[in-house]
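Two complexes are shown next, each including subunit A; its partner changes from subunit B in the first to subunit C in the second.
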Partner chain A sequence: MMRLPPFRYHAPDTAGEVAHVLANEGPEAMIVAGGTDLYPNMKRRHQMPSTLVSLRRVTDLAGIEWGSDGGVRIGAGQTLRALERDPGVEGALPALWTAVHQISTPVLRNMGTIGGNICLDTRCNYYNQNYEWRRAINFCMKCEGDVCWVAPSSPRCWAVNSSDTVPVLIALGARVTLVSDRGVRELPIAELFVDDGIEYLAKQKDEVLTSIEIPAQGEARSVYRKVRRRGAFDFPVAAVAVRLAFDGDRVESADIVLNAVGSTPVVCTDAAERLVGEVVTEDLAAEVAQVAWKPAKPLDNTDLTHMWRKKMVRVNVKRALLELAPGT
Partner chain B sequence: MTAPKDESNGAPTPEREGLEQQLQEGLRLIGKSPRKVDGMAKCTGETMFADDLSLPRMLICKIHRSHVAHARIKSIDTSAAEAMPGVVAVLTGESMPNSFGILPVSQDEHALCIDKVRFVGDPVAAVAAVDEDVAFEAMNAIRVEYEPLDPVFSPAKAIDNDVEPIHDYGDDGNVHKRVSMQFGDVDQALADADEVAEDVFYYEGNTHLPMEQHATLAVREADGRLTVWSSTQTPHYLHRAMSKVLEMPPSRVRIVACPNGGGFGGKSDPFNHEIVVAKLAMLTGRPVKVTLTREEVFYCHRGRHAVLMRARTGFKKDGSITGMHFESLLDGGAYGSYGVASTYYTGALQTVTYQVPTYRFDGVRSFTNKPPGGPKRGHGTPQPRFAVEVQLDKMAERLGLDPAEMRLKTLQPPYSNTANWLAIGSMGLGPCIEKVVEGSGWKDKHRKLPRGKGIGIACSSYICGAGLPIYWNAMPHSGVTVQLDRGGGVAAFCGATDIGQGSDTVLATCVAEILGVDLEDVRIVVADTAITPVDLGSYSSRVTLMMGNAAIQAAERAREVVAKAVSKHMGIPAVRLRFADNRIFDVQDPEQGITFAEGVALGEARFGTIAAAGSYSPPRTPGKYRGAGVGPSPAYSYSAAVVEVDVDEETGEIEVEKIWIGHDIGQSINEMLVIGQVEGGVYMGLGEALMEEMAYRPNRFGVHKIPSMLEYKSPTTKEMPPVVTYLVEDPDPNGPFGAKEVGQGPLLPVMPAIANAVYDAVGVRVDEVPLSPEKVLKAIESKDKRYGPKRFPDLRITETMRVKTEAEGGDGTAPRPPRKPKSEKKEVASS
Partner chain C sequence: MTQGSAPAAAETRRKVHMQLLVNGEAQEVAFLPHKTLLEVLREDMQLTGTKHGCELGECGTCTVLMDGEPMLSCLVLGIECDGVEIETVEGMATGAGPHPLQTWFADLGAAQCGYCTPGFLMTAKSILERDPNPSREDLVEELSGNLCRCTGYLKIYEAIEAAAKDMREGSQ
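Let's look at the complex of A and B:
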């Protein structure tokens, strides 16, 4: 079997202590929550942190707190299973519930956390391979090598942001809180991501993601559509989150967010703007989908062909809009 | 059980009725569904798979594999690995110079590569260390210097003579095997046809994906003998290879096949890792274990060959076939494996389902720098079956015939010889078709469902054991010994390996049925080359038929001994004795009898220890031409499947909604196991049809694209539709109690039935497996509403063997070809 490399293990009780350990250990330390992403990566020698700081015992990262206005604060250490089982999430945030429900398998959702899914390492089938396999391609830019094998002439890495929850949280207008020894900062979740397969997070190495706040959704409706080969296990190869608020029949505000078609989630501002003030019809949905489709730049580094994945963005944006249109 | 006295003047009491019925029916266990004998142990986790074994002082082995696709080895530096604390031994290929391979004609593998590496993953060196962490570090500390050679990944390119040869044997260049044979006059038959179909199909390679990775534990015993426990389907063939490579007499080598956590053909070659740990154990004197990573299992492969095919078939207006010319080009990968047999199998069984009065087959297997193809469930048959069944579906439409009706009218008759001299026995395909047609409501659905919904049909047949062994010999294919204990216990010994298919249960059931004891009274000892009689292995769907017949013979011989003694004791002729419910009694007066244990004691007192052997050899085949060894079987199973699908026209995604499958089993030994095998075959077929593929990156050093269980896509329970299974029981005279195979056949019709259903749903032909959503969508968007290969390369056939069919007055032989001058081509190294 594949074995973990050796590492030191800290299991503090508070977020403050986590931040403190991270500050002391420096960039060689990494945070581990459920371990469903990091441990397999460590077995493949993608990351070999000398120190792991576990969030398992940190109580202030747990909890789902609903505000009186309908907003919610979710602890980053909340397991995906707990979110999936929360009737409030299923009732008030169906798109988020769908996204969580479709992550991997129940067994992994028992361990994996929402914070972990947000910070999920970018994926690529030149990267997510054994050490021995990667030796056969002389490694790649993301780990130990020089070349991005998906686009060998490219100066950057094109590993794919494959989180299910991220596009939904962006569409819902979520904010995240980051804690470090240097202090606390809060930012819109969209600003957490960087368009680069290697440095894909704006989070600093000494910062720990502690919570996610989702504003009250009122009458707005949202949906998440995931494209993948099978009904379980698989990461998305294209993902679409749409949130529409209506004024009567007409769209008051719209958010369309794509994921798994590049190194960072794609906020489709142009496409969303077309919807404002309009009634969602089949034609309009198709027209908007055609606009949303353009910024999707999938490459040949996931399951299924990238041309097909690009087409699926268009199909799924259209279907998402029609699903949310009043009367459906 | 004691029958109650008949006090009702002949009116049946419930007890009496039960006994009468039992006596009438005769069979107590056969065809019922008692619990699998290994079922509880599997469910509770008590089953010891090879990787569960652990011994004191055991070392862990890791294998350093080639990270280049094709190269000469210039040097191997193991010094850094050897110097690591905890490393006990490092091994390279020079210490095992003898080659091996499953087929005598393809002894082209070495336990560790000596001169060349031939694909990314080829084993080069091995380490044995005190634990897995040390072994891993040591494996990666080995440095190999290579002189690169041009790799070739495409079979069409490989068979050009101007590419770097991968081996120094074969028919020419990278053509491992070229075959051409003709039965009857196919050109004339095509000329006489009303319609001739010509189609090119492609079937992508895929792999077995057993849940259990291969694992082997080897021990040098105190007296210098070797014992190896391994997850292998073929302990006997491993025994031979091990003895050859290690240069040890077979009498001092013991191979024990552990229960396999799935095999599907992927554990039926002797493997390098098995020999490597044995060598390491002999060298170090310590137990050595290797458990492959999932990635390494992909490199073992020996799975479904990718095959490009062309079928030219002549039809009469009524749908009957006049003749068929079938061509196949196999992507063999880097080694021979079963490849010669696989090549013949892509041409052997086309004639077994429908009448094909004239038939020609041309096949070529190429070497390429990829993990070797070999036998996977259905060995060489799913590819041509896909082609034939899709082509029939197209022709039915062209002729305006219902595809189910058309098939029913052209069935190969039972107890007949095919054009290529295969002897068909019982043949239950007709009832299979009728059942799935009726059950699925075919007549109300075909061409009548709303757009996007479709229904398709396909059929198939498969061998129940290969008629010939892997290496030529005149000995039985399966042997069973039965030993009776005076306490009433029965021990049954057989070399067969349970790979999950239920062979342990079949062995116990056949013996228990004959001796009239319960399954729990039979202790089975299997798959141990030092203790059990040879059974050739769990491949070619041979075990139930061959082991079953051997078990019946052994049990009957043991019963005879007991019956003689009991006959004398009871003073009645032995023919009146019946063995059932742990009793031996007078059929004419069932109350008169003794217990089975008492009977054994009488027998033992009179004749001494009771042990009997049984064995089985398949009947001779009528085909006597070169190549006639592939295809013959004591019996053929048949299957028919109807599949209903929903196709999303915007995405190309296929949802298989329901499958109806009929299987001609001859006679179930254990009905539940039969249904389990049918469903398992359907599940595997679903994966092949929809998603599974051995994908490589030729432009990235030839690496396997997705050697993991996450990215090599295989269906989950979410993709598995409801399956309705119909068993057709028409006992075959060659089967034990009439039984035929079920392990492989039911997979075969699934892929073409799905392709045909997709056509019914959205009017496009995907002449390629898998039918991934991209391909379906491309077909929908294309002008000719088809996705698939368009051209078939020239196989450079120069000579075709011509065999007269039975209708032509042939006798199964081919005229002797004129003597060729001694060719310069190198023969297989037979070291």
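Let's look at the complex of A and C:
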């Protein structure tokens, strides 16, 4: 049996109490929501928190509340399954629905939460292995070792942000709320991520993610495209989220966000700007895809080959644009 | 990496005593607080029908129903199950005979080595409770978290469809 290491366990009833426990327990405490990411990591001894603060009993992290303007506030503790089954999400936010629907498997979506998918630990072929495997390579920089095995001369860790929902939420302009004993802060979700495989979140250790707010999308259309080996279970190894708002048949505003091609999501500002004011044609889509392809720098540390993953970014940006363009 | 100072042994070796509601029966159990529901079921309650496979959420054989929804017992703590209605394969048969899903799994060869079967049965039961007449497409999607290396899945889908038909006709 691969057993969990021992830990102290707290199960508070409110987000405020969670923040209070985190403040008292210090940086060695970790939050657990669905457990689908953290428990496997604990069993493989990647993450060994001295204290677990469970969100299972916290009631104020639940709910999907639609505003009268069409915006929505999603509690961070909402299970992925609840989002998938919400007709509002499927109807008004199809890219988010697609991303959620493609996370792992139905049974894991029953357990995993949206907050957990946003804060998902970064992944790497040299890290997501059992203890004996990692000991055999003398560990890696992300856990117990000194070297990043995918880029041994690099001073940093290149583990991959493998969240499906994050690129979509960035493209949709979502904001997140973080609560700690020091107060409440709200920030654009894009600012939650840091380009480092180890310190990949701007969320402090004493902060708990409580909610995600997605502004009304109006007539804007969005799509999510994911590359993975199998139709279930697998994390993305190249992910593309695109949101386009149109004025007639011309693009009024555009967002193109990549994920799983680096330690942090990639916001393709140059590619998106190239679309504004234009009619999306096959040629323009190919040109924009070429611009979006440049900042994607996958390394050889996930499933499938990294050059093919990079190529698939270009393919999927083009396909996403053509899928969203009116009349194509 | 978060590498915490290990909690003092005395603090984590103390068993928690709690009531778990398994297969409709409330039972008093004592177990270590870092044990998963899978470990508690198998080791502290002697309910070994639920199997341990990958123990990392990648195979589905440890699936149990928690308040009617399939969940992986290897990724839930026993202490997180306070007040939750847990259903395992041991609770499937009610009355004299096996559950129709169990009968059809046996009759159609949907269980070969049998190791994945408890997980498939629990997921299948929850599917049929939600939708008594699921399409093949829905079955494939809903069962995508349960792996089987023997049957090639076809016999499993056919057994569930046959059981669903029996259950629909039986309830009319």
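To be clear about the criterion, the second predicted complex is superposed on the first by the 327 of 328 C-alpha atoms of A that agree within 3 Å, B and C clash if a C-alpha of one lies under 4 Å from a C-alpha of the other, contacts with A are read in each partner's own complex, and residues count from 1 in each chain.
Everything that follows uses one rule, which is that a contact is a pair of C-beta atoms (placed from the backbone, for glycine too) under 8 Å apart; a residue touches a chain by one contact, two chains touch by 3 or more.
The structure presented is a predicted model; accordingly, all values stated were derived computationally and were not measured.
Contact with subunit C, but none with subunit B, is seen for A:48 once the two complexes are overlaid on the shared chain. Look at A:233: by the touch rule set out above, it reaches both subunit B and subunit C.
Of the two partner chains, subunit B and subunit C are each touched by A:3.
In the superposition on chain A, A:187 makes contact with neither subunit B nor subunit C.
In the superposition on chain A, no contact is made by A:279 with either subunit B or subunit C.
Residue contacts after overlaying the shared chain place A:131 against subunit B, while subunit C stays out of touching range. In the superposed pair of complexes, A:30 makes contact with subunit C only, with no contact to subunit B. Of the two partner chains, subunit B is the only one touched by A:311; subunit C is not. Which of subunit B and subunit C touches more residues of subunit A: that partner is C. In the three-chain superposition model, subunit A touches both subunit B and subunit C at residues 1-3, 6, 231-233. Of all residues in subunit A, those touching subunit B in their complex are 1-3, 6, 125-126, 128-133, 135-137, 149, 229-234, 303-305, 307-308, 311-312, 315.
Put simply, subunit B touches subunit A in their complex at residues 65, 67-68, 120, 132-133, 136, 140, 291, 293, 295, 650-652, 691, 700-701, 703-708, 710-711, 713, 715-719, 772-774, 777. Looking at the complex, you find that subunit A touches subunit C at residues 1-9, 11, 27-30, 34-36, 39-40, 43-44, 46-51, 54, 56, 81, 104-108, 110-111, 142-144, 198, 231-233.
The part of subunit C that touches subunit A in the complex is made up of residues 1-7, 9, 11-13, 32-36, 39, 52, 55-58, 60, 63, 69-72, 74-77, 79-80, 123, 141-142, 144-146.
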